[in-house]
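Chain lettering (A, B, C, D and E) follows the sequence in which the chains are written, and residue indices restart at 1 in each chain.
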Amino acid sequence: MTFFQFWLLFTPCLPLILLLAFLHPAGRAMIPFLAMLAPLPALLLSFMPSQSIELSSLFLGSLWGTDVTHNVFLRFTALLWIFSACFGLGYLKRDQHANRFWLLWLMTLTGNLGLLISQDIVSFYTFFALMTFSAYGLVIHTRQDNALFAGRIYLVMAVVGEMLILAGLFLTSAASAHSTLIFAELKTHLPQAENLWLPLTCLLLGFGVKAGLPFLHMWLPLAHPVAPTPASAVLSGAMIKAGLFAWLSILPFGLVALPTMGLIMIFVGLLAAFVAGGIGFLQTLPKAVLAYSSISQMGLMTCALGAALILPEMWHFLLPTLLVFAFHHAIAKGALFLSVGLKDHYRGVSFFIIVLGVLVPALSLIGVFGSGIQAKLALKGVLEQDSLPSWLLPSITLSAMATTLLMFRFLSLMWKNKSPTPSALPLSMNLGWAGLVIICGLGPSVLIPELDLPSGLSQWSAYPSLLLVPGLTLIAVYFLGAYPRFQIPAGDIIYPLIKLKEVCTTQLDRLTPHKAVGVEEQATKPSFSLPTLITLNQAEKTIQSYLSAFFGLLTLVLIVSLYALR
Amino acid sequence: MNELIDLTLVCILLGLASLSLFTQSLFRAVMFFILLGLILALVWIRLDAPDIALAEAAIGAGITGILLLDALAHLRATSNTPPQLRQLKQPRFWLALISGAGVILLLALAISEPLAPAVALDLQVSENLTNSGVTHPITAILLNFRSYDTLLEVAVLVLAALVAVTLRQSDEHPVVNEYLPNPLLHACLKLFFPMIFLVSMYLLWAGAAQPGGAFQAGAVLAAAFVLFYLVGLKTQLAQNDIYLKGGWIFGLALFVLVGSMPLLYGQPFLTYPDSQAGIFILLIELGLTLSIGWILFSMFLLSQSSPLQKKDSP
Amino acid sequence: MVHFPMAGLVVFPLLGALVSLALSQRWRTLMSFALILALLLNNALLLLQFYSQGMFNEAMGNWPAPLGIELRIDGLALIFSLMSAIVASICALYAYVYLRPAQLKLFWPFFWFLWVALNSIWLSSDLFNLYVGLELLSLAAVGLVALSRDALSLAAALRYLFAALLGSIGYLLGVALLYATYGTLSLVELSQHFSLTLSSSVALGFMFIGLLMKTAVFPMHSWLPPAHGGALTPVSALLSALVIKASFYIVLRLWTELSLDSAPTSAGLLMGILGSAAILWGGWMALHQTHLKLVVAYSTLAQIGYFMLIFPLLSDTNPHASHLAFQGGILMLLAHALAKAGMFLAAGNLLFCTGQKDLHSLAGLSRYRPLNIFAFGLAGVSIMGLPPSGGFNGKWLIIQSAMLQSQWQWVLVILLGSLLSAAYIFRVFSYTYQEVEGGDRFKQPSPLLEWSALSLSVLSILLGFASMLVLDLLPSHSVVTQ
Amino acid sequence: MNIMSLLPLWVLMTSFLAAIVIFLLPEERHRLRSTINIGAAIIKIGLIILLIRLVAQQETPEVSLEVLPGLSLVLRADALAMLFAGLSSILWLCTTLYAIGYLENAPNRSRFFGYFSLCVASTMGISLAGNLFTFLIFYELLTLSTYPLVVHRGTPQSLKAGRTYLAYTLSGGVVLLVGVALFYAFAGDLAFGQTAQMAEFTHTSPIASAIIFLLLIGGMAVKAALFPFHGWLPTAMVAPAPVSALLHAVAVVKAGAFGIIRVVYDVFGIELAWQQGYLLPLSLIASFTILYGSWRALQQTDIKKRLAFSTVSQVSYIILGVTLIGPLGTIGGLVHLLHQGLMKVTLFFCAGNYAETLGIHKIHELNGTGKRMPMTSAAFTLGALGMIGIPPVAGFISKWYLGTGALAAGMDWVIWVLIGSSLLNAAYFLPVLYRIWFLPQQGQWPHESFTQWRDTIPLLLIPALITAALSVAAGLFAGSDLSPLSWARLIVIREYQP
Amino acid sequence: MSSYLIFAYGGVGLCGIGVFGFILHTHLLRRLIAFNLLGSGTFLILVGLSQSGRGEADYIPQALVLTGIVVAVAATALALVLIRRWAALTQHATLPEDQGPS
């Protein structure tokens, strides 16, 4: 085992090892710091060369390893976790239940890191599940009603997602004739599957839950506002990307052309991009707005993936673009979420700084600043293909409108709801937030050198086109009124669904005969049934009385049967 | 002519049988039954079976009759359910009728089949009679050829007596022997006793060559014992358990001992030494006679000590 | 001494009877147990002799068969002799502890006479000798039933006596007809000349029904439950385990030796129907009894039904299947003897513990007297025909035979019967498992009582593993031994 | 006959002799009894390990005794047998430890442990049976020896449950008996594994063969709690927790499932059964049971009842795996036999701990137990997650093989059954976990004891932790050579070898 | 028809009557009488029939009958003891099941 391989093994195990600290009170006090350090090996790993390690005893024979994709994901995930933990250090200082938060934090982290280095189905699925279920604890950390409700929705959808994933994995494995569990090999086998659409759909939908595909997105706007802010940051920044990562790892992009499915994905992605923007605009909580923004952004990536299905050849160009986009979105969204936690604490000059700071990721997300420019341009550049539908590119451009609306709404909500009595803020929170903002400002070209991205400044000529749509939108908002008159509750279609379920349940209840539920067995004694006994005894007595008669009759019968009937 | 007598006998037999079963009074029924026993003795003579005739008269009619009458006396005193024919409505009657008629029909059909016995056992009896130690074939059969049967049969008798003892209540006092009030009868009976005893011994002795034998002799001896008892002599003997049971098992024990002796010499069970077969048979028969007499007597004796009598006196 | 072991089977118990009548209490007991030991030894010797020379006959008084009476040792006789030796010895041991001295004094002679009768029946191959043996057996059994001397047992004894007498007379009638027809009493010789004419049929009809009446086959069973249920415990065990087997043994002998398996299927069918009725009725009745010993007694009734089922299965069209049924029947008989004796003894212990007959009174016994419950349960396993037990092996063979001959109705009956028996046995169990207030208020039977019950039950289970030892004694394949 | 070939007998005897000795010990000799129990269990594990090593070297030690003409009791240690025997021996040790703790100060311990050991002995017999006849014998013995355990408490409910249990299992036993008898009557005395002869028989008389299959499966289905015959299992929940654990995880239901495995693989042979079309109906029933059991579990309010219905569902996974032709499905079925045992036994231990420590029997009472009993709750959580099929707990491994096996067998619909069932499993387990971990305690515990312990007494806790750890390890290190999975692979390799 | 055979038929008649009486009667003493009749009938058949087959006296059945008579007497005596004891205890001469509803 080389050092790198050891490091690879060590990366996801570290948070688990840190869990041991809970055993000792002194260790318990150290936990937040340790949590901050836990993703560091991952960050380092992401800068190491690609490598892999085979663990034949683990599960059904596992393969862990990294390549460029993994490294990018690892990098932004680790950064996000580090700074969020840093933020959380202060955020949870007075929380009585901080310990259980950090416990789940570390477990979620394990899952998240682990899945990013898994190269086989089973370990990927394991880490994915670990992440999903641990995150549930993060979501309902406050134990308030809205948190519990959101948690339930999250859990239900996560379980449904897990099951879809499982089905998809089964089918994927079947396509390879069950010969392998390694992603890379599966990918090559998958195109030969009989009903390719089935595993693909399962996997798309299953991971789509995480990635916030429309109609599977409901948990996002519910869970993010209720979760503690650092948790929201990683949920939205890192964990959503796990869905994307899974798609990239398993689905045979670039190997097979599926025009119909690609088209559907594009539609779905655009739907998410636009409608989420609309709904998000109608939210009252800043975090909910951000959540819808995530949905919207993920919609764009879905679009891009759909395009790859239509035109497999472009995958080479598309993959780095997607990586950049994911990086950019994760960091920006993380910074935005953390800023929600800051707003209550400042006034005056420092508040101004904060606002400026907040503008960095917000603008970046819109695509007019920093890393956003690079991401947007790269995406557009890649999608400028003849064989793709001609309306795709304009739609993507137009989607900036949705983002603009959302950011506008977010900032205005921040502005409006700021606390009249701000309090002092711990340094760690500032540091965590500032770190992300800075990274966001630095842009991907610095942080992902291996992708050889053109620097942001070199593409200055394209800037106006980026500014056009947001600008028009802002003008429209100015004229049409900045504040919506009505609201859509966060989670949108979940409410009709719940209603539907209730109606169905009552109808079913009415249909089924109503049995008394939970009736315990009556205390039954083994008892004699006297009437039966009396009857039987009477019969027996009669037989007794005719005892000798049976002798005569049976003799006759037997003789007849012996002689006459032989 | 002979057939006519036989037919008449059969008719009487059947008539008496019906009467003994269906007459209203139980006492009469028993009397008819005893009478039937006597007629049967005649029948056995007609069947060239004087041994059976003797046994039937002494045992079948005599002993059984005495026991039945004795029981009847007790039953009449207590049982208030008078014996009566059942009504025709009862299913029991029809079942009985069907069964009885069926039995008669089938048996009659069966015995009307021509017979051709494959094995002539009687020839073998006469062939082997000389080796048996006695000249009367029935005694030869009973005590030599099929002595094993007889051994078990004696055991049956002992067993019957044993049941009688079992049911005797333990807290009972010994029977108080009431002397017959008539001194003349007393004296006569005393006189009779040795004579009856002699008859019994003669029957036993005769059994070797002609009709007679241990069973008949035993029955007669039992009668002698009854007389012995009635005149009140030495009844304590019968009250003592040791003597009582000793008397029962004496014959059986002798039989077993004599029978097992040859086992020591490598002979099968119940084999008699070649030349002394007659002596051994006589020895066994003597023992059996005494025991059978004693057993039958003790049946009578034990029935006297039934608790019924005490129930009469509150 | 070559004649010794066989004659010993009759001589020793006879001696026992004499000794128990003649000697004083102390010597009576001592001698009785000495003789029991001698008999066990005797049986062992006989077994060795059988192994060395196979089947053999012995003429009583050195008079060979048609004229004299021959005793015969074949596998069947040996099995039954061994069975009675084992069961009787253990029952005697039990009785020695269980009975009051006054009862014991009377028990011994009856016991010995019973053994004489049993052994004479197992060995006999003479029709009339069998009759005498049967009478001896019946009277001894009646005496044993009457031993407890209360009104109920008297009624039972009377009922039993009349049934037995009627049965004996029926048998004797048959013997009379057979002798008149064939001129011989020897079973061996008879089997050579036998043909199923009208008179033979009538004869056999009377004999069989008479014997079946003594065996208590449904619907002529009604004397059995009160007699077996009401008798003293060791007596019940003896009666249920051994006595009813004797008359059945004769039926089996006659059926096989006279090759009835070849002629009339209808007679076998009748037997099977009677047996089925017995299984169902007995099981059903046992299920509803309130007294423990009656449950066990009715279970005997049902078990007899199983034995009856072998008759329709004995046929010469399929010798293999027929042989299986025969073997199965023997195993069942044997297993039932061991198990039922064990069960009765265990039941007696349970009744002793509670002092009451009612099943309800058993509550809590499983906690405080587990050994007895265990003994009862082990016996129950064999009775139910659950593996591993002799009862199961027997049932298995019978089912196999029925299947091979496509006589499915018997399979069905057997299975129903098994379920019924399971139901009534577990019913008893469920009473014992009830927990009651008040702690241990039961009497403690002496260890000897407990262990004698357990040993019989264990034997019935072990039979399930050692069935081949038994079956190897039987002639292979052909039942009829000429 | 050397020592090694007698090993199967000794494996059987360790628990059998232990049972006898325990029966004979007076009630008060608790310490000695525990020593004997644990000692026997450890010796058994040692013997099993020896045996496993032998079997791994392609040997099959065999002991046989002819009990009826042409009919033998055969104890044979083949690979499949060792799978079940290994499971039983390990869980015997755990359950014994647990039971010693559970029944501390309870009455009737002598009886309990005696029958308990007897029960294990019959399970050993079932696993080592070399032919159907032997199997039948131990199968029935199992019924008998578990009855006293079910009615152990002696309450009216438990007696009633005992009756129900008997009614089901004895009827099942009768059906099995007919099946086995028919088998011997017509197909002859075939040991396990002589499938070629069976194929010959099936080709000459297909109807008889089908009937035999039906009866055999029908008889075993009762113990395996397949759909129409599952009624006894939830009722039997009144028994003490170790018994429930034993019944559900090791002995009874597994005996049924194991029997079905034997019938399909070693009596008929999977190829034959597949060709004859026997397997499809069976897999349909199993699938239905999976869903039905889960559905019913959802409606239960009692912890043990919920677990019981979960067992109904889970055991059918094994059967489902058996019906999937091809190595993958077989592996899934076989390995689930073990995995389910480990996980379910954990769950029952924990349920017992809750009941013993806090007096909790109903699900709604579980609120906040995670704080009071963190270790127990952790073990419970692991078991429950395993049941749902969430990795790295072992349940996932079996589910994975089942799913892939179904696809390999061309029965795609099965994966939807698996998915649906997993969803239902999640639906009835996750709320429980939620109550345990995330809801605050409501009022007093119903009946709290062992207050001096942080969690519960070690004798109750440790077995649960061990089994939980084992179930995680079985999943986590499924690829290693020592895992159940690799043993199942070995079996399958031998089974599918021509 | 020989006289032997006639008596054999007589025995048949006795048997029939005996069976009839045995079934019909519930009074124990009468049953006992019926049993004795049955026995006598059987003996008659045994001797009569076998002698009619040979046409002369056959000692074997005669010996058997002698044994049979003794056994029958023993049985009768035993039955009487039981009956009397029963009657003394219950004041009935019939078995409980034959006493009708009371």
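One rule holds for everything that comes next: a contact is a pair of C-beta atoms (placed from the backbone, for glycine too) under 8 Å apart; a residue touches a chain by one contact, two chains touch by 3 or more.
Being a predicted model, the structure only gives us computed values, none of them experimental.
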Exercise. Listed by label, which chains are in contact with chain C and with chain E?
Worked result: A, B
Exercise. Hey, what chains does chain A share as contacts with chain E?
Worked result: B, C
Seminar exercise, completed: Of all chain pairs, the one with the highest number of C-beta contacts is B-E
For this session: Return the chain whose centre of C-alpha atoms lies at maximal distance from the corresponding centre of chain B.
Result: A
Seminar exercise, completed: Note, CA centroid farthest from chain C's centroid sits on chain A
For this session: Name the chain with the Cα centroid closest to the overall protein Cα centroid.
Result: D
Problem set entry | Rounded Å distance between chain A and chain C, as computed from the means of their C-alpha atoms | 77
For this session: Express in whole angstrom the distance between the two chain centres, defined as the mean CA positions of chain B and chain C.
Result: 31
Exercise. Roughly how many whole angstrom separate the Cα centroids of chain D and chain E?
Worked result: 66
Problem set entry | Euclidean distance of C-alpha centroids - chain C vs chain D, Å | 41
Exercise. What are the residues of chain B that contact at least two other chains?
Worked result: 92, 95-96, 99-100, 103, 106-107, 111, 115, 117, 120-121, 125, 146, 149, 153, 156, 159-160, 163, 167
For this session: Hunt down the residues of chain A that sit against at least two other chains at once, touch-wise.
Result: 526, 541, 544-546, 548-549, 551-552, 555-556, 559
Problem set entry | chain E: positions in contact with at least two other chains | 15, 19, 22-23, 31, 43, 45, 49-50, 52-53, 60, 64, 67, 71, 74-75, 78, 82-83, 85, 95, 97
Seminar exercise, completed: Pairs of chains in contact here are A-B, A-C, A-D, A-E, B-C, B-E, C-D, C-E
Problem set entry | chain E-touching residues of chain A, taken from the complex the two chains share | 541-542, 544-545, 548-549, 551-552
Problem set entry | Contacting residues of chain B [partner chain A, same complex] | 91-92, 95-96, 98-100, 102-103, 106
Exercise. In the complex formed with chain B, which residues of chain E make contact?
Worked result: 1, 3-10, 12-25, 27, 29-30, 32-34, 36-37, 40, 43-45, 47-54, 56-60, 62-67, 69-78, 80-85, 87-88, 91-94, 99
Problem set entry | Complex contact set, residues of chain B against chain E | 2-3, 6-7, 9-10, 13-14, 17-18, 20-22, 26, 29-30, 33, 36, 40, 43-44, 46-49, 51-52, 55-56, 59-60, 63-64, 67-68, 70-72, 74-75, 78-81, 83, 85-86, 92-93, 95-97, 99-101, 103-104, 107-108, 111, 115-117, 120-122, 125, 137-138, 141-142, 146, 149-150, 153, 156-157, 159-161, 163-164, 167, 213, 215, 292, 296, 299, 302-303, 306-308, 311
Exercise. Residues of chain C touching chain B in their complex?
Worked result: 1-4, 6-7, 10-11, 14-15, 17-18, 21-22, 58-63, 66-69, 102, 106, 109-110, 113, 116-117, 120, 128-129, 132-133, 135-136, 139-140, 142-143, 146-147, 149, 173, 177, 180-185, 189, 193, 197-199, 201-203, 205
